[in-house]
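Quick heads-up: structures coming right below.
There are two complexes below, and they share chain A, which is joined by chain B in the first and by chain C in the second.
Up next is the complex of A and B:
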């Protein structure tokens, strides 16, 4: 009985989480004529026409590439600076660590909409409008507080004696960071990187504001701009949304195993 | 190899004084131990020697040369940590070879040096393993190997045996002595275990609250403790501290009054028997602790607890009237007010 109720619970949660995705999938495969009619709940026949038109009607590959570059570069920058900052805050005896971390956290509490127009002015002044650099810079700066926090908490769990041992063995602080701390922080880096990447990948507001053409336009913006003058192409939107979810899904599944494995293998004492 | 000198060295963290005016010289090739209760500042001493901490005042010298400002890597000091602090992502060979690699030694020379030190420590079969696949004793040896492989000027050990089980601890103790005899590296050892300190060291410093209470050879500390703290810290079971008035016709040094004096008497210097003796305190048995060799007897003599030893022949049930026999020459006298030894 308890077993049964547990399965029912799991089923309900799964349904709640997956239903929109399933609906999206059904929509993307539904013939155009049935898109706005219900019933039938299930399409009478399956078609790939939406996929074909989504992928050919727009410079979709270009958008995907843009998204990848923006999210990837932002992630790399956030990890590089975030890990160095977290290392300095947790392992080298810095003063006022709590205060610094508090300020770092505070900066990430501004609602994005409040910062859009000042940032737009800055980006414009720098001549970066409609460039990927604008997105990379913005994403990295917004991801940095998150990266510092997650990594600082992760590094705090690494024994201080490891850093001391590296120093005594002949490392400069930077060498100790690079050769000892960073390899041990790999699970933390992976988890943080994944979080940052997903947020950047899905980001819409800044991408919409700072880009004007397909030169720098990312996928979420591109999909939002699908609607034409007279109709909303639900099928194409659904198809495109599913396509851009796939890379994230693959990333998560790929790294999830590594994160868990890494966490259990980091033990120092036994 | 080096001499290490502390000249009025102190260490403060904000308002808290951890070390207070440390003056000390550790000789070349010496096995020197800092012993004391937790929080006495002994680990701070190691961190100061290693360069992991800077002193707040005073000077530390290696071979007469001031090292206060030198980074750890410039001091050529090796250290074994309580948790061993092995690098989990490296194999045993990589762990031991790490300090050499950092000094730019070629892969071939590193491999040779690692193989040699591993053979001496009996871990040559484990070189490809990861630290997590090793037992506590094996990790300990790897940590020793990583420290010894570059023949440092100074060798620091921070409670290295405290994570081992009792039998292994004795084994590693002998191993440490052997390694010290072999390498003759100036060694500074830190422990809270007075027995370990006594067994291993050429000289011992007893630390309390950031100050050296006494510094000397192990037997000197045991036979002539400078004050009540040292007397109570060194020796197991701990020394008996008794009122001087308990003893008939005592000759107190410096004409002190019996009421101002406490008497220290080592349990090993007290013989417990049923028969009366000329120099003995009469009392009764509270409890017995057999050790195999002999019997520690805890008893009461005129309301004061006394521990002594008895031959392991007859049972002494609680309540048995006994006599605690002592040799007057083995009595230690301390001033009650200051704890200082009276001579």
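Up next is the complex of A and C:
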């Protein structure tokens, strides 16, 4: 009996999490004429017309590519700079570690609305408006603190003796970092990279403000500003939003354990 | 460690790239926005002109600002309370032994992982007054996003759906890290489920619960994406939060001075919550 109520509870939670996504999937496969008729809940036939028009009617592929480049580059930079910083903070006994980590944590909490106006002026002055470089640079403002914070919590779990031993054996700090610490921190690096990529992939405010055309526009912005001259094209929006969700979906299904590990390292083990 | 130090440790070399980038994209903009908030400066007007605290004084008499502040506080309080309560419930449920916990974890992770803009579009369609599935299932004819009373609650419901998984997964990890021995010993002593929760789970989970509360508070207070897509702040500004109002002043009215003052208010509120969190962390660390 308790077993049964437990499974009913789990089923309800799954339903709650999945139902909106399932409805969006049904919408994307529903013929245009049936979008404005309820009932029936299930479409009478399935169609891919919305996917075809979403992918061909707009420079959607270009914006997908923009999203990949912006999120990918931001993740690469955050991992490269962030792992070096986290290494120095946890293994090299730098002075003022507590203070530095506090500052890093504080910057990761900065509301983007507070920095968007000065960054806008800077990007304009540099002639970077509507470029991917503008996004990659500004994404560092949240990607880097997140990466440092999560990685520091992962690296802290590696025994300090590892680094000391490598140094005694004649490694320079850089060699110890590159050959000893980083390989051991690979699970942490993966978790951090996934976390940063998802957050950057989903970013909206900066992309909305710093881009103007499909040259640099990312998919979330495209979906938010989906053109609808007379009526909102719900089928196309549904199709487009499922396409942009797909990469995240794959990452989540493939790496759920790692992502949750990253999330908890970011919040708990501080 | 002393011997190692003599080899010439230079942590600064490893820290420099990260700190340089952080200074450029976070510290500098914050100082810049503070300066902007003290200027009379419109992008369509001339050069910035020093205005002392004029922008802040204008805030005090701006009814729309107070409305946005109230809306933000209401949105934050209600959605965070629901997210933490619901998240705790889900965490405790998933902590029970059952087959397929890994799959459930992936399912619960999904709402958190999808872009907020996408989630908002999904809910916008479900909320649709004419063809929305929510009205169909409830048998109602409510214009959820067009009605001044319902719109803010519709936004809260969407945020709860999107953010509860974060709370649930963190609390689940915390709950699973509590030693099973504690529960077994208490059970041997005849403790029922309520007493197990009251005397083991609750006290051990409380620090983490507080951290989740702060993380969610900070995120909810700066909410932008969800409301921008769902309602754009309408109807009649009933869903206009501080971030939305600041964005409109900045990029629609192009008033960079006044908009920056609004942005500073958001920043200061969040800084206050963050300070509490950092203090708390330092106490648990030392």
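Assorted remarks:
By definition in this document, the second predicted complex is superposed on the first by the 251 of 270 C-alpha atoms of A that agree within 3 Å, B and C clash if a C-alpha of one lies under 4 Å from a C-alpha of the other, contacts with A are read in each partner's own complex, and residues count from 1 in each chain.
In the analysis below, contacts are C-beta pairs under 8 Å (C-beta built on N, C-alpha and C of every residue); 3 or more make two chains touch, one makes a residue touch a chain.
All of these numbers come straight from a predicted model, not from anything done at the bench.
When both complexes are overlaid on chain A, the residue A:51 reaches neither chain B nor chain C. When both complexes are overlaid on chain A, the residue A:167 reaches chain B and chain C alike. Number of chain A residues touched is higher for C, counting chain B against chain C.
Once chain A of one complex is fitted onto chain A of the other, the partner contacts of A:82 are limited to chain C, with no touch recorded for chain B.
With both structures placed on the common chain, the touch criterion links A:180 to chain B but leaves chain C unconnected.
Once chain A of one complex is fitted onto chain A of the other, the partner contacts of A:102 are limited to chain C, with no touch recorded for chain B.
Legend: residue contacts after superposition of the two complexes on their common chain; A:210 is shown touching neither chain B nor chain C. On chain A, the patch touched by chain B and the patch touched by chain C overlap at residues 164, 167-168, 267-268, 270. The part of chain C that touches chain A in the complex is made up of residues 1, 3-4, 7, 9-15, 17-19, 21-22, 25-30, 32-33, 36, 90, 93-94, 96, 98, 102, 104-111, 113-123, 125-126, 128, 130-131, 133, 136, 161, 165-166, 169-170, 173-174, 208, 211-212, 215, 218, 221-222, 224-225, 228-229, 242-243, 246-247, 250-251, 256, 259-260, 263-264, 266-267, 270-271, 273-274, 277-278, 281-282, 285. The touching residues of chain A, when paired with chain C in their complex, are 6-7, 9-10, 13-14, 16-18, 20-21, 23-24, 27, 35-39, 41, 77, 80-82, 84-85, 87-89, 92-94, 98, 100, 102, 104-107, 109-122, 137-138, 140-141, 144-145, 148, 164, 167-168, 173, 177, 198, 201-202, 204-205, 208-209, 219-221, 223-224, 226, 234, 237-238, 241, 244-245, 248-249, 251-253, 256-257, 259-260, 263-264, 267-268, 270.
On chain A, the positions that touch chain B within their shared complex are 159, 161-162, 164-172, 175, 180, 183-184, 265-270.
Considering their complex, residues 47, 50-52, 71-73, 77-79, 81-89, 98-99, 102-103, 131-132, 136, 146, 156, 163 of chain B touch chain A.
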